[in-house]
Amino acid sequence: MKLLEYQAKEQLKRFGITTPMGGVARTPKEAADWVRAHGPAAIKAQVPIGGRGKAGGIAVVKTPEEAEREAERILTLDIKGYPVSVLWCEQAVPDAEEWYLGVTLDRANRSLVLMLSAAGGMEIEEVADTAPEKIAKFWPHAWRGVASYDARGLVLDALRHDTPERWERRGKLMSALTPTILALYAAARDLDAVTCEINPLMITADGSVIAADAKIEIDESALYRHESLHRELAAEGGGSLVDSDPFEREARKRNLTYVHLDGYVGCIGNGAGLVMNTLDLVKQHGGEPANFLDVGGGASSDKVKNALEMVLMDEKVRGIFINIFGGITRCDEVARGIIQARDELHITKPLVVRMTGTQEEEGRKLLREAGIVPGTSAAEAAEAIVSLTRNA
Amino acid sequence: MKLLEYQAKEQLKRFGITTPMGGVARTPKEAADWVRAHGPAAIKAQVPIGGRGKAGGIAVVKTPEEAEREAERILTLDIKGYPVSVLWCEQAVPDAEEWYLGVTLDRANRSLVLMLSAAGGMEIEEVADTAPEKIAKFWPHAWRGVASYDARGLVLDALRHDTPERWERRGKLMSALTPTILALYAAARDLDAVTCEINPLMITADGSVIAADAKIEIDESALYRHESLHRELAAEGGGSLVDSDPFEREARKRNLTYVHLDGYVGCIGNGAGLVMNTLDLVKQHGGEPANFLDVGGGASSDKVKNALEMVLMDEKVRGIFINIFGGITRCDEVARGIIQARDELHITKPLVVRMTGTQEEEGRKLLREAGIVPGTSAAEAAEAIVSLTRNA
Amino acid sequence: MSVLVDRSSRVIIQGMTGREGRFHTEQMRAFGTPIVGGVTPGKGGQEIDGIPLFDTVEEAVKATNANVTGIFVPPPFAADAIMEAATVGIPLIICITEGIPVLDMVRARALCDEMGVRLLGPNCPGIMTPGECKVGIIPNHIGKKGNVGIVARSGTLTYEVIQGLSQAGFGQSTAVGIGGDPIHGLSFTDVLELFATDEETAAVVLIGEIGGSDEEEAAAYIERSFHKPVVAFISGRTAPPGKRMGHAGAIISGTMGSPQSKVEALQHAGVTVADTIEEVVTAVAAHVAPTPAHIH
Amino acid sequence: MSVLVDRSSRVIIQGMTGREGRFHTEQMRAFGTPIVGGVTPGKGGQEIDGIPLFDTVEEAVKATNANVTGIFVPPPFAADAIMEAATVGIPLIICITEGIPVLDMVRARALCDEMGVRLLGPNCPGIMTPGECKVGIIPNHIGKKGNVGIVARSGTLTYEVIQGLSQAGFGQSTAVGIGGDPIHGLSFTDVLELFATDEETAAVVLIGEIGGSDEEEAAAYIERSFHKPVVAFISGRTAPPGKRMGHAGAIISGTMGSPQSKVEALQHAGVTVADTIEEVVTAVAAHVAPTPAHIH
């Protein structure tokens, strides 16, 4: 679950990280009111995607009138598919050094990794490509986490390839940055965040450390531990819970793992690998997949029905390929879901089912009795659905 | 720092432990109001010491009138030196099994230890003596803490020597108790508690687990990490911060490690071992120590002066024995404090100073110049102060 | 021979009395797996289908001398189940559960390493040595005893490959599903190292997918020191790149994880990379002879 | 010979630029301690009184090959300083700081054990091998080279005993202050084990106090396998029992910790328990000869 900037900042504040004073505005008037009360501000579109600056989603304003005008403009924007419905009005941070601080999952090291760079700002990915030594990394111990000396070591590492002037200031920089580094790690750990990023992290002349932008993504598998946060964020407008694609929005509501694509063959399978392979097979046989839909392991007949209904919402879909290799998923359970969906939803579009694995005898029997002829080879089934839909 | 029952319960609630509904009352009227609003209650004296039940500090009341009468009575009590100034009015817990659950520091194992027993209630120390197998223990890993399976194992261990009936219910008891066990450990860890105890821990027929009484003692060395809690508790009446002895109360305000005793020789030293030995020496020479006062390591002259002032508040004190063996403490610093105190406080009672160790030349010189003759042998000094005060 | 499990394995199942645990315990027994116990807190002393139940993993191991555990407990409790087994020192822990919070797995994996035990999964189909032992959820009837080792990230594609090979007459030594979660136990390389010294394995099929860098690492290992033929397949090659947010992931992974990166690394290591499951079978046929019919 | 530190020790001081750190570094150098570096984050590259400073313990050890560290940093940062030294693997960590939160020490001590390094303290006066090396705050002039080992909980009583022995002509091999905090490093028993094999130590003085069970454990060890004469002193014998709250402490400690328990355990182990520091000296005189005057 991706949090919007202002939601992420509220979380970071809870862990003791300083963020600029700001407020939410959902209308131009609210933005104007905020500026009237608090003075000049940056008005920032709240969308769960990068690049909003270039897309015109940020305006620096001095007066309430300007705020109203800019807010009105930004609220009409659609940034990479995300319509802007929430703004964040925020006091400007004084001129300061722009650092980068992030924590994310490092699969290769089976650990979280903390990253710090004095070369923060928009271009951090470029820094990673061209001058990777400028990004210092630390891998927290799974149990012990990050100690103050680890944080100080990270700051020293970030400065080793920096200017001699900054190196001279390392004592002050270590003192200034250590609390924020420890807090960001604690935030990631306690929020089950797979990414927690501050860019830029401003360090002012007087040594204050301020998170000027923030991104947090919470592990979806761990959301059950953060129910109240989840509810709260959803209640606050739920910008972060909204996918840019309307079908994907719908799928999220239905709790389905669904990705919308451009083609016309609806694809459903159990297991991400199998569904990806299903898409590959459709393409190899000359068809174009309309979606990716993984019902996961051990799906119930209800879930299968739910999945079929979801896929059919896309009117571009000319037929559906259901590819099941039962392991923990039981073929009879899936078969019941397919039959129920076909009957209750009155599906008339072509339906090709490939079914094998756990309880396959039972499942295939059910399908045959219901007049659906199941295949056993995925390749043959792919060929069948493509020939049924290509010119439909 | 010892928390009062209601303060401890508020903390446990924060960690997800269920406590009975209750409210604070500082006057008989407040107690009556609470019972009027919430019905029958137990009215409990809030004192940081055990045995209040036997001392008449708990009353079970049905009506507001009864509440007022009992509250009035309890508010006049002095329980083992603690005058009662705060009451806790609490809904009665339905009949239930009384368990014991505690976590404390286990020096020998260099770890916290969790303890659980189905034989809870008042007599748990007796159980520890007579049937120690009924108290199950678990030593949390310093970094990994307590896992659910550790908590379940603790419940199983507590039941192994219990009735077959309870053993049969162990599945439900494990489910019921595990969250409370994990929460109590988290509370101790996060509050820097050296003791965190629920006795009795009630388990009702429907499987609810309720902390009917609670004791928390926070490590004084860690109070700097809990400043807001410390302030809050102090603001709430500060019952727990009050020592039963008025001199000890005063010493706490002055931030001095002081224990009030019955004798007439004021004793001040640096280091707990040295001060204890100073007391032993005074006794061995036939005197009676009036107090224990440890100025600790590296004391400043101000602290020494503060200590002298403290000791002299006790009018039973006929003379003072200052025993200093400087290590991190510097004798010159201490000497300055003694001279300053003598001059500013116009001390006329006998003052015997034994001074040796770090900077002793400088310290002794200062004393001599100020007309105080320092000794070097503790035994001789003890003899001197006793002979000066015994018949004073 | 085979890797990790065989007929001498002594297997317990954590979460045996749950819906999935019970169903698949039956399946595993039908396969011939020596299931010696189950663990469900509170049910110790009972039996289910003749298998003794225990309250804790420790008691189960004491009573049965188990050396493998299969975990079927729900996601909020699964990392704990792994750690319970690890602290008892069970040498092979196989976790089927899908949807375990990733930071739980960081800790669980670290504890397995500290205790020196092997973890397979989570979110994996488990392991199958045809004719001897199966722990997990791979369908019973698709395997065939033989000399092809399989190691795969995707569960369902593991089944596809087993079935494809069996139908074409190529039996398997052991099929190992390592699981697709970001933090998991045995890697491709760990399993390849086992196959390297397994006399019964003549060739290996490696089934990867987009994301992570396990395949690239396996390619480096193969190039360095794996001397048996390897056939690989990478799924998700036509999938659109997922949307991502923030820079942190990109800084860490760089170009690792793309299908191109994986295919190129494997080809560079001399691995035959097939475009379809059918091609996998054809490529295996170029390296080993079909398993004689009398073996199963 | 001596235990733990001698003239070949290479000592760094963490917190050397603080008030106490600086003063006692001067004292230690005056004593003859080989101080090879100091650690103060941000001051690496500077020198103080000719001693090089480093930003981290790791850098200090790399540059100086230090094998002992003395810690003088304030309580909120002291457990961290211990852990920094432990992760770098410094074999002997001596922490003088008083007032470290006890749960910090639970973690720090566990890490020292995990890393296989020795911790002395915290809240201790450190260690002194007269004529060779002192790390900590024991006053310089009170020691005298000789063959009596001292191990004590109380800092100031350590000084009393050193002074008492020296004045009576009995020199010390090494005096070790283990510190009085509930969770600390080396115990009486750990230090006795070192004295047991130290050829230069002919007898040992053990200074205990009320509370805890270190003395009882030491008594058990002495009875079992310590063969040199031991003289003990327990302070706080006339102190009133402290007020306590709750039952948990009593359940854990039982009757352990009382002066009676300690004295009886030690006497049972054949230890002479003295009533005063003077008696300690007399008792030592019964076991060893005074140190010849030409040694210091």
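In order of appearance the chains are A, B, C and D, and numbering begins at 1 in each one.
To be clear about the criterion, contacts are C-beta pairs under 8 Å (C-beta built on N, C-alpha and C of every residue); 3 or more make two chains touch, one makes a residue touch a chain.
For clarity, every value in this text was computed on a predicted model and none was experimentally measured.
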Centroid-based (C-alpha) most distant chain relative to subunit A: D
Chain pair, B-C or A-C, that carries the greater number of C-beta contacts: A-C
Centroid spacing, where centroids are CA-atom means, of subunit A and subunit B in whole angstrom: 50
Intercentroid distance (Cα basis), subunit C paired with subunit B, Å: 55
Centre-to-centre distance between subunit C and subunit A (centres being mean Cα positions), rounded to whole Å: 28
Touching two or more other chains - residue numbers and ranges from subunit A: 143-144
Residues within subunit D bordering two or more other chains: 107, 111
Chain-level touch network, classified as line, ring, star, complete or other: other
Contacting chain pairs - touch in the sense defined above: A-B, A-C, A-D, B-C, B-D
Complex contact set, residues of subunit A against subunit C: 2, 48-50, 100, 102-108, 110-113, 115, 124-125, 128-129, 135, 141-143, 189, 192, 194-195, 197, 199, 215, 217, 219, 221-222, 224-225, 259, 261, 269-274, 276-277, 279-281, 283-284, 289, 292, 296-298, 325-328, 330, 356-358, 360, 378-379
Residues of subunit D defined as touching subunit A within the complex: 41-43, 55-58, 77, 80-81, 83-84, 87, 107, 111
Residues of subunit C defined as touching subunit A within the complex: 20, 23-24, 27, 75-76, 96, 98-104, 106-107, 109-111, 125, 136-139, 142, 152-157, 159-160, 163, 180, 182-183, 207, 209-210, 212-213, 217, 235-240, 242-243, 245-254, 256, 275-278
Residues of subunit A defined as touching subunit D within the complex: 144, 147-149, 152-153, 156, 170-172, 174-175
Subunit B partner contacts - residues on subunit A that touch it in the complex: 143-144
